[in-house]
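Have a look at these structures, which come just after this line.
The following pair of complexes shares a single chain, subunit A, combined with subunit B in the former and subunit C in the latter.
== the complex of A and B ==
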């Protein structure tokens, strides 16, 4: 039971990294980056191959992955966002979809189609904590995610660079009028987003395994998290990430937690499969949008009529 | 030879090339590829309905395609039904699913629609892999028969190719019918400017809904044919790659041109063959091309052709316009402002996050009067227009139009009841002619619908009537010489007049003008004043929001003044100019001098 909660929390923490990056880009550019899921794949493969080559734990490999992903993010901004920055947002949607195809196919060509397992953040195995046995990977993921979010928060709120980034996200025109290099800030934002997603990829690559085609699944979960929480709101995105994680971990384990229910409804087992949990999540998303189109915590991006 | 004249021979050459393709490349493998290209052409033509004509990014075209293939596969391979039954069922299932997804999200901003349509594909893919007893799991279902109907089986090779391409023709015909009439014009306005569409009594949600269902139905056709052609259904058909291919075809070919979809499909289906040396790497090439096209030629190949060889502007005969009376002398009216309120506004209140943009505003418009709303910047004038036209929902108060309460109505229904408007920041469709921009206002009056669009014969009578009416209005405003120009090429002052013409073409009882004189020079202002007086003289009630006191001085019969969302004065212009509160509101502000002049 405790392990389940820790797992949910770990997954939610990793999804938060994805959702934060997604929302940062959204606020800075006004467009959805549909290649965000592919950052996870690239980051996952990068850490898996570095991990096997160097035989080092994930926490040590992480800085290299972060740096590499910053470059990938910057490159994506250069190719898929910069030339289209004055066009409709839908153009950027499409170009980032193409970039996701390019990133995932490149991964496939470089690393092959086989699933990879990444290095654990610290070590494999588990620790005894009172009555429960807890997975080290889950705990380490939580700690690492909190550390990264903390660092990201520090950069955004306490440094000049962070203030500029936030100014660009708040009002691009105003930031430009004040003499900021808006495009440079947007490149940095894409870089940070990719780095955060790469870190999440490092965690997923060990907790699960990673294949070149996984990007779409992560993309959708990130997108759902950002939408459910409230379009453009960072806090909402984190809340949404934990909600998505809760669906993913808790729904399939409901029968384990409540064996009586399974006995009563044996034929409903299928309703608690991992596939079913995705379907429930999707339905929940539609229901939320139907009753609260602004998301659970309200939209941060104001639209003018 | 001019570009327009070259278009027809080039089109014929293109069609011949298309017909010659399978005759020249006639190995069984080539025929199969050409058949597949036909299927993807259908998919892309279908995708244009939602992505092209109304400009919504749907990411579920691939999902409908795969779903329909599964329905056909299961019914034909497992249950042994014939083509007519499986085909109808495949389309019905796609359309039903489209209706279910779009109900909650189609009225929301586009990113929600993109996500909802992206998600459904993922859900279907997981289901297809998981539900082994029905779908055959990851391996899929093999043994889908060739199409069989009425005891007759379509053979492989040429028969199947012709069968598939006859559906391409059918899809193209449906698309053509949708596009060419008044309904197609309305789609164009919905795509470019949904708020303008609402102000013309066109319901964008309804048109988007119809287009989404239509695109799902055509995807259903493509999916069913795909299952019969490759004889197997597998989760691959639901993979997001299908969606990316479809998007690539539509963008490369051109979003709104039918032949663009066909060319895009031929290209995308054959590219992996031409680039066989690259194996999976071709995805990088096609995606790279897609980005390049987005950057360099956003309208695709078809748009590029349009740019190189512009089509002749359709000066189709406008029968009624020829016999329409020459421009009437404006200002010659019989009606005097009456004492009957046509639009009564009582206690109207609107707040934005605690700030009262409008606070308990009450006044009435008398039939045939010209009422001016003045007030400093930010005093709530545009908010007032937006509330009356239903773009904002007021937080309190009521609005009664000719005895009917309109406070709770949608923007498009208010417009249909006879409230026309213009916009402070012009909302015209730049890549459409002046005539069509104005004609589209007849959409509701002509009772246009998709079903009726399918039945258009050689000419769309509705479109002709609409254009003829529009031409009549343009003449009254002295705009007939600009009728066939694109709105994007007009001068600012002319654009303002076109917006007024468009609103008049709606046949409104009340016309709300949001800063009509802004950006006009003095001659233009005088012309505009004369036109507006003429309209009022014939019984139209006008509400004008304006800063320009000189313009209003002789024009307005009644005047109200807003300040910080409150109505501070109401009465005859001469009285308003003397009102202490009005002067106070303006003193020290930009227009103070004019106010006291």
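== the complex of A and C ==
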């Protein structure tokens, strides 16, 4: 049970990195970046390549991955956002879909179609804690994700750059009127978002491997997390990410946690299989949309595409 | 001297044009999942097919057309529609993904086009389609060998079964659970896992709680590698006997030797250098061309395509001629002897290989020829 909780936290922590980046771009530009899942793919392949070449753990190659992904994010802003920034949000939405296809196909051409394995964050293996066996990768993922979110929080709340980024996210026109370089701030925001997603890619690439087609799955989960948690809310994004992780790990574990229910209801096991748990997640998503459209920690309801 | 040279040149031209006149033009469509979740297996299949074309019997002028079927169920059927009408197509290399092959069967019947697929998925040769030729052992026999090894050799009877929710996974699950029951064993836990699923710790926790003494797996490459990795990470020390995908070098490369310690797998074929000149040529050329060791999908595809090319070399002039040859002839390939059982199942041998924990190359531990179901 303890291992399941640790895995839920590890998955939720990695999804949080994705969801935070997604919301940062959303707030800064008012547009949905549907290439966000592809950042995970690029980051995952980058870390897998560096891990293979340098034979170093993920925590050591992380700074290179973050730097590389900031450039990728900035490039995406230049190509897919700036030329369309004065058009409707739908134009950006569509251009980011195109960029997603370009990023994933480029990854396919460069690295080939086969899955790649990334380096472990620290090391492989497990540690014994009482009767529980805990996976080192899961524990290291939690610690690393907390450190990255903490660093991101520090930058946003305690630095001049962070204050400018927040000002742009809150009101672009006012920030421009105050003399801020809004375009530069948006460029940096895309870079930070890509770096966070790339870090998540590094974490996923070890346990789950990474293939060029993985972006879509991660994109959908990010979107669900951001919407359920609260559209535009960083706190909500983190809550949504943990909710998605709970549906992936804890909901299919219910037959294990409630053996009496399995005995009483023969279909209980099937109703909470990993496949069925996907249905529960999306049903919960619909319930949130119907009854609390602003999400669990939502602010003003905004357009979701 | 100059006139002698002219005579030699004229003779060469004459001979070469004569040879060209005797060449048979053939287009070989290769439909395989070379992107997506089955890319590892699909790339092996494609490599095997390409090497067969490189080794084609003399006198065949082959143009190959590669089409990526991806992982969508209709990926193979759509590709078949595109290639079946092309000039000089007498047979089609079909994907190893049984789900896609099932969707291609009506098209094969309409076009009267033989399909050659290295798939184990049971139902593909159970539809009464005379144009379907299976190059990989039917799950009915590969799973018979799989269960015989577990029950007779390892003496284990309490099994947990993990399988992908694809046609291939479900076919393996069906035969493994049926055969295990017939062998006096029991399935104490089973769960289907979606091909795109990543997080499976809940499944592994339930598996561990069921206290099996062996884990049987029928999954595609990326899924089985993930399961083996997460079993090792969770320190679940139970015998694992998987399907052929865990014996693939490309799958093993995703894992550490220690994570594979004690893991065994059924597979269609196992080649060792020195067995025959044909085997040596295949192994040497494959490793030189693709910088990797061949796996069962590559080997079975190579043999199956060589059999069809031999049919054309021996005078097959149409798709119907190829079908007749594949249905009735016996062909000695590098891995085994292929002969249809009347339903299009050409391969009837299975091997069991195991990893020792020190290397990413498994060792042959058991061979089953002419395997019968339970």
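To be clear about the criterion, the second predicted complex is superposed on the first by the 286 of 305 C-alpha atoms of A that agree within 3 Å, B and C clash if a C-alpha of one lies under 4 Å from a C-alpha of the other, contacts with A are read in each partner's own complex, and residues count from 1 in each chain.
By our rule, a contact is a pair of C-beta atoms (placed from the backbone, for glycine too) under 8 Å apart; a residue touches a chain by one contact, two chains touch by 3 or more.
No experiment lies behind these values; they were computed from the predicted model shown.
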Touched partner set for A:209, first subunit B, second subunit C, both or neither: second
First, second, both or neither for A:91, with subunit B first and subunit C second: first
Partner chain(s) touched by A:108 [first = subunit B, second = subunit C, both, neither]: both
Touched partner set for A:273, first subunit B, second subunit C, both or neither: both
Touched partner set for A:217, first subunit B, second subunit C, both or neither: both
First (subunit B), second (subunit C), both or neither touched by A:3: second
Partner chain in contact with A:78 - subunit B first, subunit C second, else both or neither: neither
First (subunit B), second (subunit C), both or neither touched by A:227: first
Residues on subunit A lying within both footprints (that of subunit B and that of subunit C): 108, 217, 273, 275, 278
Residues of subunit A touching subunit C in the complex: 1, 3-4, 7, 11, 108, 112-117, 124-126, 133, 135, 137, 204, 207-209, 211-213, 217, 245, 248-253, 255-256, 273-275, 277-278
Subunit B partner contacts - residues on subunit A that touch it in the complex: 32, 79-80, 83-84, 87, 89-91, 93-95, 97-99, 101-102, 105-106, 108-109, 216-217, 219-220, 223-224, 227, 231, 273, 275, 278-279, 282, 285-287, 289-290, 293, 303, 305
In the complex with subunit A, residue positions of subunit B that touch it: 55, 57, 101, 103-105, 108-112, 114-116, 118-120, 122-123, 126-127, 129-130, 195, 240-241, 244, 247-248, 251, 280-281, 283-284, 286-288, 290-291, 294-295, 298, 386, 391-392
Subunit A contact footprint on subunit C (complex, rising order): 34-37, 39-40, 42-43, 165, 191-194, 196-203, 205-206, 209, 221-222, 225-226, 229-230, 233-235, 250, 254-256, 259
